[in-house]
Every structure is written in C-alpha cells, then in structure tokens.
Amino acid sequence: MKTTRFFGVAALALFAHQASANAVVVNQGISEQEVLAAQQGWCAALVNISNTHETSGQAAAKTLAENVIDAAYGYQMGAVLFKPTLTVNPQTVRATRQGALAYFVGGDTSFPQDTGFALRGWKQCEIVNAAIFIAGDSATTMGKVHFTNSAGEVTTVDKTWGFVKDDAGDLRIVLHHSSLEYTGS
Amino acid sequence: MKTTRFFGVAALALFAHQASANAVVVNQGISEQEVLAAQQGWCAALVNISNTHETSGQAAAKTLAENVIDAAYGYQMGAVLFKPTLTVNPQTVRATRQGALAYFVGGDTSFPQDTGFALRGWKQCEIVNAAIFIAGDSATTMGKVHFTNSAGEVTTVDKTWGFVKDDAGDLRIVLHHSSLEYTGS
Amino acid sequence: MKTTRFFGVAALALFAHQASANAVVVNQGISEQEVLAAQQGWCAALVNISNTHETSGQAAAKTLAENVIDAAYGYQMGAVLFKPTLTVNPQTVRATRQGALAYFVGGDTSFPQDTGFALRGWKQCEIVNAAIFIAGDSATTMGKVHFTNSAGEVTTVDKTWGFVKDDAGDLRIVLHHSSLEYTGS
Amino acid sequence: MKTTRFFGVAALALFAHQASANAVVVNQGISEQEVLAAQQGWCAALVNISNTHETSGQAAAKTLAENVIDAAYGYQMGAVLFKPTLTVNPQTVRATRQGALAYFVGGDTSFPQDTGFALRGWKQCEIVNAAIFIAGDSATTMGKVHFTNSAGEVTTVDKTWGFVKDDAGDLRIVLHHSSLEYTGS
C-alpha cells in the first residue's frame, strides 16, 4: 500500500509479524504450484485413459474418462468453454459434459466425427508453458503441449487452460482451447 | 486438482518444475504479508497525522490526511463502505472521500459532529488480528486495534477491513467498519 | 471498451445482439436483487428463530439456528469473519460455526457469556442500507438494522455483511460485523 | 440464499425494494452487453486498421494499432496470454505489447515472420459466439470469427477471448487464443 512509503517497509514487516501471530488465516488464492499440478494432472489422466483403453477396452476407458472429466473440469458450473484440438464445425465447441466425453473416448452417435482423442495410444504428454496469469481467484496458462504416441510420433498443440478453485479447494478447468500449430503453410 | 489423486503429487511436482522454467508468470493474488503491511500502513498513517497536527497544525494534518486517504482507500472506485468508530446517526456511514476526511481531521461544516479522530494525540496503534480471509482478489481482516494517546490512555476498537488490489498492484481499503468494544453492560 | 469510442456504441449494440443469439451464456455475477434477498433472508431467519423459541423451546430454536447457519454462512470455507453485536473480549470474534451458534441460541458452556441473541423475542427486523458494493464475485453491504422485540422496543445496530456466491449459486455470508450505535457518549 | 426457502421469495423482494431505496450502490460486475460490445470493438478496430492501411499507409495503420492495443488489451497488467491465428514457433505466443503490435501490422525485425494480419484488407469481421462465461470480475467467450477481405474471401477462426474490467471500468483483453479451423485433415 502506498502509505508504506511514508514509514519504511522493514519496520512495518516487524509489526506485521506480531499482528497475525494468533489469527485464523484462510487463503483461497491460487498458487503457481497448484496450477502446474493441475496441468500435470490433465496430462497424466490422458495417458492413463490411453493405457486403460489398450489394456481394458473402450468401456473401461470411458468410465475413467467420466471420472476425470467430473474431477478436473467445471461442467457442473453450467458450461465449460472447451475447443478441443480436432473437432469440426458445427460441433467445434464442447460446452457440455457429453460433448467432452465424446471427444475423449468416442462412441457417441450424437458426435459422429469423434473417434476418441484419448484412445490414440498416447504414452507421453509434455507441457511447455509460455505464460501463466494468476488473477487471484482464477488462473490461465498458454503454451505448447507435446503428445507422443506408442510409435514415437509427436503431435504438438497450442493450448490455453483456464482454472478456477471450487468450494472444495480444487482447481477445475473452465476454459480449454487447443489447436494444431500453424506452420506457415 | 482431484486428478492428482490418480498419480501421486510428488511426481507431478517434478514435471511441474520443468513446465514453467521459461514461462512469463504474472500473479495478481494477495499475500498475507501484503495485507499485514497495508494494516500497519494505516496505523502508521494515523499516528503520523496526529504528530503532524501537534507539530504543524490542523491544515498540515488535513493535507497529510488527504494524501493518506487517496493512497490507502478506494474512493475513486465509486464508494467505500466506511463506518468509523465515533460517527453518529444520520451521518454514520462515510461512503464519500469528503466524509472520511471530515472524520479524520474535522473542520468541515457539512459534518458538524466531527472533531477529528486523527487529531486526538495518538502515539501508538497496535493491531491484533483475530482472522484474515484472502479470497484471491480481495482480503478481509477482523480483530482489535488498540490506540494509545499521549496520556497513555488506551482506546480499543473492533475493526474490520476489506482490501482489494488496484491496477497498480497496491492494496486499497474498500471496506472499514470500526466500533467501540461492547463491554457487557 | 475504449475501442468503442472509434465507432459508436449504437452500431456495436446492433451487431452484439446477433453475436450471442445462440450462445450458451453462464453468468455467475451477483445482482443487487440477490444481495437484498440474502439480507432479508437473514432478518426473516432471526425472527423465525425467536418465534420458534417461544412456541417450541430452546432445543427447537437451536436446531433451526444450525440449519440457518449452515445455509446462510460460509463456515465450510474455513472461517467466517463474524463480530456479533453483543460479544465481549476475549470471545469477541466468532470465526467458527460453534461460536456463531452459541451467540444466536446460547446454552454452550464454552461461551459462558452467551445468552442467545436470537432468543430475545424479536418480532421485526428492518434493514436500511447505506451502501452496497458488488465487486463481481463478492458483495458487501453497510447500514442500519432495526430489531423490534415483543414489547415494541427497538435496538439499532450498524451492520456490515460480506457475501460470496458458492458453487451452488447461493450467496453465503463470509463477513459480518455488527455493533451498537455510537451515540456520542 | 437458502434461507429464502423458509419464507418465500416474493415477500423478500418486497422488503428488499425498500431496503436499498437510498443506498449508494456500486456494481463492478461485468454484463453480457459489455462483453459483446468489447468483442464488436475488436472487430471494428481490425477493419479500421485495414482501411487506414489502404488509405494512409503502414505508418498510420501502426499508430492506430498501438492505440487499439493500449485501449483494448491488458499489457500494462504484466502480460497478455495472446496466441494469434498465424504465428509460428518459436514466436507463437505474444505475451508482450511489442509482439502483439508486430503481429497486427508487421514491420518489426524482431518478428521476421510477421507480415501484418491487420493489413490484409479486411472489410468485415463477424463474431458468432458459442459460449460466454461471466465469472463476476472476468468474462470469457468462445466461438467463430469470420473475416472477409476485399475480394470477398472468408477466413474463419476459432477464437477465445478473456476480459477483465480495469479500475476505470473498461473491459480489457487479458487472454486471446485464435486458431484456424480444423477441417478433419
């Protein structure tokens, strides 16, 4: 606060230490570490769905994907702004849970173009953030994500995620825009 | 994020460290330390106005008080919810800058009851927080503040402050409710 | 947005109407009406607890008070900054659910000074707001509340409430500072 | 608030009307109309830069683009998460004002791939929102934007915008992810 300029910050810090000695402190802010963990959780979940598909089939992968969506996205808040990498018009945006599930594991006749992005044998998912913006009660990230399949082929996307913290203190994805890299054609 | 439960947090932290190595990171969240410094700034400013009044008179105290209000409160946002300790009905709440200034240094015929709370010879201002709640982009504190005057007499109030961070990154008081202790009479 | 100054707002509004015709729109903002309804809900609940006490006794009043606290306050978020009107040092602030319940209905040996504020035969509870500040995801109000008991006696307090919207879309009190009016000693 | 269920909402609304009759009310929330106007402002600015380029040359277009960026984006907050449609690795993300300006009008040797997206003779810019999410102090939109050039050719992108309201009450873009449509390979 600008009033500190009149008095010196060091002296204030000394008093301040004392002032909160026995106070109850609740901090609902979002830390960078929480954001990074949420991102890694998404990557790990994707690889896990791929592996589950290989070992246990589509139905098992679908059940896992439902759990992941319910735990990691914010569809219960009314909508998620989700533009997956490979969707096509007029079903580009998947604002509903059903649309997200169809994208990840396919098998939904309402989304006939979806073959299941999470079923493509992903073995690795690496995130390289370009920028992270924490605004207090929300956080946004932008950067590259590199997906490696079982043949060692790498697919790179530009990915934006928006997170908010729910009442239970967990980050949830409320925004997700993913797109193949533009290569300058 | 709940997806972390599938994979273990330690492993995620390892990846996470890598993911933000070169990222631009902006964090507008409010830290506990910023809150405590803002509180101490308020106390220091009050004592400073009192001292300025003694050494240089009411006009100098008023000028200083204006600077403090403009630097520490959020009146430029449209209103501050300010219930000072000693105001009386029907001018209890001071939602405008003028009302706040009158309370602190008096001398305003529009607020005839105000004699200037900051002119009472305060030598010390001690904060004892009971609770601090940081909600991301706002912070609220509640506790006791003990004011000691030049005669060594102590006045204790129950004080609530609400702060937000402005575009410049400084905390500003947007809520201030102060009241004499209820003593059970 | 300032770019609108280059083109005229009326023209933009025309386009805008078209742009959201079929969009999913979720708005988690807090309206003034929601704030006023939450305040009135608090008043109505207080009178209801008083009436329940008279007709059905303290145990019934306590059960109702627990329901009200769980529905209207945010204790499940970690703490509520609650300074009730008539609490005394060192139990002035009631940051826990237990402390709030003791204040409203008494009967808790951990809070021996509490006789139950909600058991005082309140028949009417009238709110006169001085200021309301809605910051997007939180709202704060400041003003007078007049309590009338069965003898027609009126108690007036200065009251500040802070609300946030929970995941279910309901406002919850996370801040509550109440104090008897200062009458100029 | 859930306490309203005990008493009926209609009755509460009646009281509520009275409670705020003379209150100062400040509402910093973001309305859908503000979001739509900010989007239209962006479109109008793009066409304006294109037209300025044709009539007055690149230097004039650049000056206008600087004004637009300073008025409509939030670079002064530390960074903007901006992934333009046609940028290529390793300069995909334009977190700085300089990077945004280079993308829109080219002519910056630090960004040698940029030829100036806003200089492509755009005559029309149409937004079709799929979803809008207003979280109180921020708003996010996702949908299609169709750009039409002087030859009548249409380029369609998937576009996500994130806005916050600054201290002056204007919406600013703090997030912008644009990508060419995926057409099914």
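Chains here go by letter, A, B, C and D, matching the order in which they are written, and residues are numbered from 1 within each.
Just so we're on the same page, a residue touches a chain if its C-beta (ideal position, glycine included) is under 8 Å from a C-beta of that chain, and two chains touch if they have at least 3 such contacts.
Everything quoted here is computed from the prediction, not taken from an experiment.
K.L.:
Tell me which of C-D and B-C has more C-beta pairs in contact.
P.N.:
More contacting C-beta pairs are found at C-D.
K.L.:
Hey, how far is the Cα centre of subunit C from the one of subunit D, in Å?
P.N.:
Computed from C-alpha means, the inter-chain centre distance equals 36 Å.
K.L.:
Please compute the C-alpha centroid of subunit B, do the same for subunit C, then give the distance between them in whole Å.
P.N.:
So the centroids are 22 Å from each other.
K.L.:
Which residues belonging to subunit C are in contact with no fewer than two other chains?
P.N.:
24, 26, 28, 78-79, 95, 130-131, 133, 135, 137-138, 141, 143
K.L.:
If each protein chain is taken as a node and each touching pair as an edge, is the resulting graph a line, ring, star, complete or other?
P.N.:
It is complete, because no pair of chains fails to touch.
K.L.:
List the residues on subunit A that touch subunit D in their complex, please.
P.N.:
Checking each residue of subunit A against subunit D gives 78-79, 81-83, 85-89, 92-93, 95, 113, 130-131, 133, 135, 137-138, 140-144, 158, 160, 162, 164, 174-175, 177, 179-184.
K.L.:
What residues on subunit A touch subunit C, complex-wise?
P.N.:
24, 26, 28, 76-79, 95, 137, 166-167
K.L.:
Provide the residue numbers of subunit A that touch subunit B in the complex, in ascending order.
P.N.:
Those in contact with subunit B are residues 1-7, 9, 12-13, 15-17, 19-20, 22-34, 36-45, 48, 68, 71-72, 127-138, 141, 143, 165, 170-172.
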